[in-house]
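Given below, in the form of structure tokens, are the structures.
Next come two complexes built around chain A: one with chain B, the other with chain C.
Let's turn to the complex of A and B:
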């Protein structure tokens, strides 16, 4: 009974982690950007979905769509207002650009966080679930929304795989992640590829944020922990490797769930962080890293 | 310069400066405003009501002519729920903005950090919402030093008593419940609360089957509810303030069949309904007052005026902060001065009927010196329940508007 409970809960949370981390790793793989405003974008999506449904009263579906839209907008804003100016700057030496992007996105994330706290308080918000009620699976009372979350996550990740491997745009993105210079030699504009990647990222982070808002709820305090969890999943899986991130998301998700059930909910994140440190020692490139 | 001359000049300047100061402070005193610094968590559900309620009280007093012709001026500081920010705000309030007294915070950790500063800067200080026993215990153990701090809300010990008194009538006598699990967040205020619960619950006939303390950072409450359900209690007795929305929503989404009853600070604010998308339905929480509850003749008009001005009913700390401004004004009037020590003396003699009951402070000899008195005829607290999207009083009988009812997923064992 308890084993099933862990299996079911762990799957939902892992799928959610996977979705959140995929976009994060995709951007790194293609443009070398570690976006530390990731958590803030997810929270912005969830809070926007909550505000649209609860304050403006637009309904659950429209609210969720608005949430994803806000994430897409914020992702573009992050790229055009923070990342691109740093990448294009002639006054910042090339070797220092990564650290500038890191700092810039971190500060940008804090700005979003403070804005959310200022306008919507720092208390947690929850997005109204799209499907309500519970079903009994193997004796475990499971909220239907939890199943919905897992299904949506798997579907979206599947669609992403199709997009990357089966479409022309996707193939260009994939190529850019392998050899950016080669792509430009083929006559493709690198900036256009970046815009596509940031759009994909915004949609993924938005869906993940709204689903998290339905599943557990988020507050402006979640910004830091969400960025940190995506970051550690991506590092564990191997920076830039999408399949590595997927595996790492499930490892971290299940490890956390196991700890919460078998040890104590208070120590939930500790074993996953210890594992991260351990992997850094023996395999610094991560589980499926290329370097 | 000649040393003797310089010395003479310096003393002459000193005397002149002192004279100017005396001249300035003397006649101006009558018209000087009474400055109250309000340091609060403007971004938190429970804390947001504090500065709003204080301003409302000040506006009312000023509209009625002030205190002996002196207006009340509220100077607000947002502490972002941080102790460090609060200490800086306190220093600034006293040293630069020259406030006469400070009202601060609903978080015990913050209040415990400010208490030594009230002593050092010799500035009276009242908290409208923190609960830790340690706040008033320190006043008792070193009275001369810490007498500047007043605890304008119930101690955790009194809160536990209030919950147990309510639980006896509602859960044990009426619903014949026999067992409970305590679920509380790990924070300064819940340590004495849990001690109180452990002591009084068995006395009223509720056996404590398990006691779960969790980190205030917890986001996924599934394992906690799972563990509680495994113990098969009749009721979950809560001690939550930093968290509130997430456990409540997950309780509903997972359809945990056990009712929640106890302290849930966020549930005291009307905005909680929207924040949880009405998952709060059925939640039972302790309060000092509530919308539509006439604890005293002042309670309802205050709540309605507050809602008219700010769009929602106040949290529990709104009621206490509103009362505080009034009894501070009353103390200034009785003391005839804003001098810190005279103000402390006057505050100790407070006997004020506010929105939450009759406010008096425990004396020097009581272990909870300067905390508000708990008991019949003073402040007893009440139990409220979220029903049909509204907060309704269910206990005690004389203010109760409705009977307890639960959402359909709650399965009462008796």
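Let's turn to the complex of A and C:
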């Protein structure tokens, strides 16, 4: 009974983590950018969906769409207002661009977080779920919303896989992650590829954010922990490796659920952090990372 | 190095310190209290800059070193009643040991991996403090019975003297041959190694120095506040402030980091009437500086001087 509960809850959480981390790792793989405003973009999506559905009353579907749209816009804004100016800057030496992107996106994330807190307060918000009610799976009363979350996450990740491996644009993205200079030599504009990647990222982060808002609820305080969990999942899996991130998301998701159920919810994050330190010790490049 | 004592930077710094030292004669205790905290923050930022600006290591967890120093000093005083000065020294030592423990595995990895290891260290420390609440006071914080002094002016002078001495040592170190080797190993480790310098030893030394000053400053800050809490010395947000201070003031300048910290804390106080938007405005200003003056305040000033 309890084992099934852990299995089901853990799956939904892990699928959500996986979706959140995939976009993050994709951007790093293709353009070498670690976007520390990730959590803020997810929360912005959830809060927008909540505001559209609860304050404007546009309905749950339109609200979810608006949430994803806001995430897409914020992702583009992040790229054009923060990341691109730093990458193009001549005053910042190349070897320091990484730390500048980190600092810049971190500040940008704090700005988004503060704006959300200013206009919508710090209170936790739960987005109205698209599907309501509970079903009984193997003796566990499971909210339908939880199943919906897991299914959407798996579907979106599947679609992403098709997009990357089966379409021309996706192949260009893949090629850019392997060898940016080679792609340029083949006559593809690298900036266009980056825009595509940021668009994919915005949509993924938006869907993850809206689902998170329906499943667990968000507040402006979730920004930091969300970024940190995506960051650690991605490093655990190996920076830039999408399949590594997926595995790591499930490892972390189940580890957290197990701890929360069997030990205490207060210690929830500790085993995952210990595992992370352990992996960094014996395999610094992460589970599936390339050096 | 000898040229420094005749340089314009030296005279400006000297004048600033002298002006700052006379402040208790004519400003209120409120301003002094604010600046006292700002000076301790300045030391945090300078210690961070030594590690990042010179050794090229992005330490996302400055508050790990600060927190270990602060909490060791606080716990020894609150639980065992040891004297304040002994606690401060032991706090700094604990921070050095923590720095060593962190540095040995962390220096095996580079770039973002190093950053993450240091970030995880902060999260672990935070969890540790909450889990062992009996010893550490948990989320509420630890109340410390002793303080160095309750005189606002004396506290201010202690902080100013501490910052000035730390600045002199850290700046001197950064301009010394050791600092140059550090800078070389940060920019091109392979070439620096090929020239026969032991990079790991130098980086480890930088880590120890950075940890020593972070821990010492953290311990002093705890005895100024009279409490140690996660929100003031450990939280990731505090670490972010330290990093932003250093980048804002100008990385690789050491002294600029202190200026950035003072600016950040004073600006935060001036913006208090704007309420919740204060953090937004400070972050926005910091982002604009990062985008348009990547050298920071001091970097921009120094490059203008070099050009003219």
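A few remarks follow.
In the analysis below, the second predicted complex is superposed on the first by the 291 of 291 C-alpha atoms of A that agree within 3 Å, B and C clash if a C-alpha of one lies under 4 Å from a C-alpha of the other, contacts with A are read in each partner's own complex, and residues count from 1 in each chain.
One rule holds in what follows: contacts are C-beta pairs under 8 Å (C-beta built on N, C-alpha and C of every residue); 3 or more make two chains touch, one makes a residue touch a chain.
This one's a predicted model, so the numbers in the text were calculated from it and none came from an experiment.
By the touch criterion defined above, A:118 lies against chain B and chain C together after alignment on the C-alpha atoms of chain A. Within the superposed three-chain model, A:232 lies in touch with chain C and out of touch with chain B [touch as defined at top].
Shared-chain residue A:9: touches chain B; no touch with chain C.
With both structures placed on the common chain, the touch criterion links A:143 to chain B but leaves chain C unconnected. Judged by the touch definition given at the top, the superposed model places A:266 against both chain B and chain C. Contact with neither chain B nor chain C is seen for A:169 once the two complexes are overlaid on the shared chain. Look at A:128: by the touch rule set out above, it reaches chain B but stays clear of chain C. Shared interface residues of chain A (contacting chain B in one complex, chain C in the other): 117-118, 266.
Residues 52, 56, 58, 105, 108-109, 111-113, 115-117, 119-120, 123-124, 127, 130-131, 187, 236-237, 240, 243-244, 247, 251, 276-277, 279-280, 283-284, 286-287, 290-291, 294-295 of chain C are the ones touching chain A in the complex.
Put simply, chain A touches chain C in their complex at residues 34, 82, 85-86, 89, 91-92, 95-96, 98-100, 102-104, 106-108, 110-111, 114-115, 117-118, 224, 228, 231-232, 235, 239, 266-267, 269-270, 273-274, 276-277, 280-281, 284-285. Partner chain B is touched in their complex by these residues of chain A: 5, 9, 13, 50, 53-55, 117-118, 121-129, 132-134, 141, 143, 145, 216-222, 225, 257, 260-261, 265-266, 268.
Across the interface of their complex, chain A is touched by residues 43-45, 48, 80-81, 186, 213-215, 217-224, 226, 243-246, 249-250, 253-255, 266, 271, 274-277, 279 of chain B.
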